[in-house]
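Naming follows writing order (A, B, C and D), and every chain is counted from residue 1.
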Amino acid sequence: MSVTLEQAEQLSKAAKEKANAIGVPMNIAIVDEGANLVAFHRMDNAWLGSIDIAIKKAKTARFFDMNSGEIGKLSQPGGPLYNIEHSNGGLISFPGGVVLKDGDGKIVGAIGVSGGSVDQDHEVASAGAEAL
Amino acid sequence: MSVTLEQAEQLSKAAKEKANAIGVPMNIAIVDEGANLVAFHRMDNAWLGSIDIAIKKAKTARFFDMNSGEIGKLSQPGGPLYNIEHSNGGLISFPGGVVLKDGDGKIVGAIGVSGGSVDQDHEVASAGAEAL
Amino acid sequence: MSVTLEQAEQLSKAAKEKANAIGVPMNIAIVDEGANLVAFHRMDNAWLGSIDIAIKKAKTARFFDMNSGEIGKLSQPGGPLYNIEHSNGGLISFPGGVVLKDGDGKIVGAIGVSGGSVDQDHEVASAGAEAL
Amino acid sequence: MSVTLEQAEQLSKAAKEKANAIGVPMNIAIVDEGANLVAFHRMDNAWLGSIDIAIKKAKTARFFDMNSGEIGKLSQPGGPLYNIEHSNGGLISFPGGVVLKDGDGKIVGAIGVSGGSVDQDHEVASAGAEAL
């Protein structure tokens, strides 16, 4: 099973509420099991450059079934996945991409958030992911 | 002024209702005055290949301030804009991209829809645009 | 010799005057002997999609040392250069790109204009080219 | 409101004067509120490779509403935004991109300069931005 549009809109709403609570306008993207975009929302005044980043964070998380920041730990100079960001049309490997799991722990997609600090991005993405 | 996220969600909802009414799952994208993505929704079971097409239709309409299908009339072999689709990272020049105008007739963005026949796509995009 | 920035600004000014005279806001690009951008101007309210097209028209004209519309005559289905637009990161092969020649008839660059009908684009580009 | 062409030409002129004052030929690009190119000038003998860099610096500054060099501080190995340059078709994250603000402090675009050392680029971009 893959995340549905109805679920994606729910997650996105939860993420937006968290973004409003911390006062940072965000770009929020949700991809399905096939790493294909299901929903995207740019909050008013959120960074334009974060449209692409939010989508790439969600894809990165689903591409490797781990949060985007985990990839970044491995892609540093000297690391085992050095410069993996060159693959797949461009990965984003810092925090803000979070995998989505159903009740059985099966991965059904991912959410990517961009617009604030990476800690804020991850917090908002996690709030979305938990709403599933 | 540019289309807001709240407006984009309204338009998208109106487009989805029309898509449900005609029984065709659609991809729906909305861009702002600067041709940057504001919102995107893929209805369950809508074509995967239409994610990119819906976004490109919206951008194409805003790029030239006319519905995407108007470009296609001019870009045919022998036509004045033959192969214009090679510009801007790829245009989509068949119907389904519709400009968004505010109450004063000023263009504030565009909506792009893909998932059915081009007539269905245009019908759904128009339903969205009229909801502004 | 290649077109200088001072010359490019002169040409661009002449093109803008013609654009104002016919009442169509234009995108105007000038490339040098090496087909590299020297100057670009987007008039207020000119089409966003024409930024890339104006630049590509200028490059196309210099790439083949002929006006962009000449390429389009040859790139039609069945023609000798069918779909040449796929080369060089995307050509634009309809009118609006005009080669720039010095007093001795040597090509020193090209001007590309986009924002109106192809006839208007060509007219404005020619007005620029003649100012050299 | 977005930066107009007339304003962009003013800024570009101020930047060119600074470039002449320090004796370094520069590439100067200005984008609007939507991160779309408004004006570009390459001074005679300025680096060809800096055409793209000047444009990308301007876009990067507007994409994240901060000077381009601020991104570079965060995108180093081990930094929170490591390899963010892979987004948006390629960012330039070293100095030379400066946001443009109107009298009320609202961001209306950005200027990007490339052709010298990053300190020189930033100095020239700042001279342009201050002319607004």
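One rule holds in what follows: a contact is a pair of C-beta atoms (placed from the backbone, for glycine too) under 8 Å apart; a residue touches a chain by one contact, two chains touch by 3 or more.
Bear in mind the structure is a predicted one, so any value in this text is a computation, not a measurement.
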item	value
Interface numbering overlap (same over half, different under half) for chain B and chain C	different
Chain centre separation (chain C, chain D; CA means) in Å	25
Intercentroid distance (Cα basis), chain C paired with chain B, Å	29
Euclidean distance of C-alpha centroids - chain A vs chain C, Å	42
Contacts with 2+ other chains: residues of chain D	34-36
Chain-chain contacts as defined at top	A-B, A-D, B-C, B-D, C-D
Residues on chain B engaged by chain A in the complex (per definition of touch)	4-5, 9, 34, 36-44, 48, 51
Chain B-facing residues of chain C, complex	47-50, 52-53, 56, 72, 75-77, 83, 85-86, 90-95, 117-118
Chain D-facing residues of chain B, complex	32-36
Chain B to chain C touching residues, read off their complex	34-35, 59-60, 62-65, 77-78, 80-84, 86-89, 91
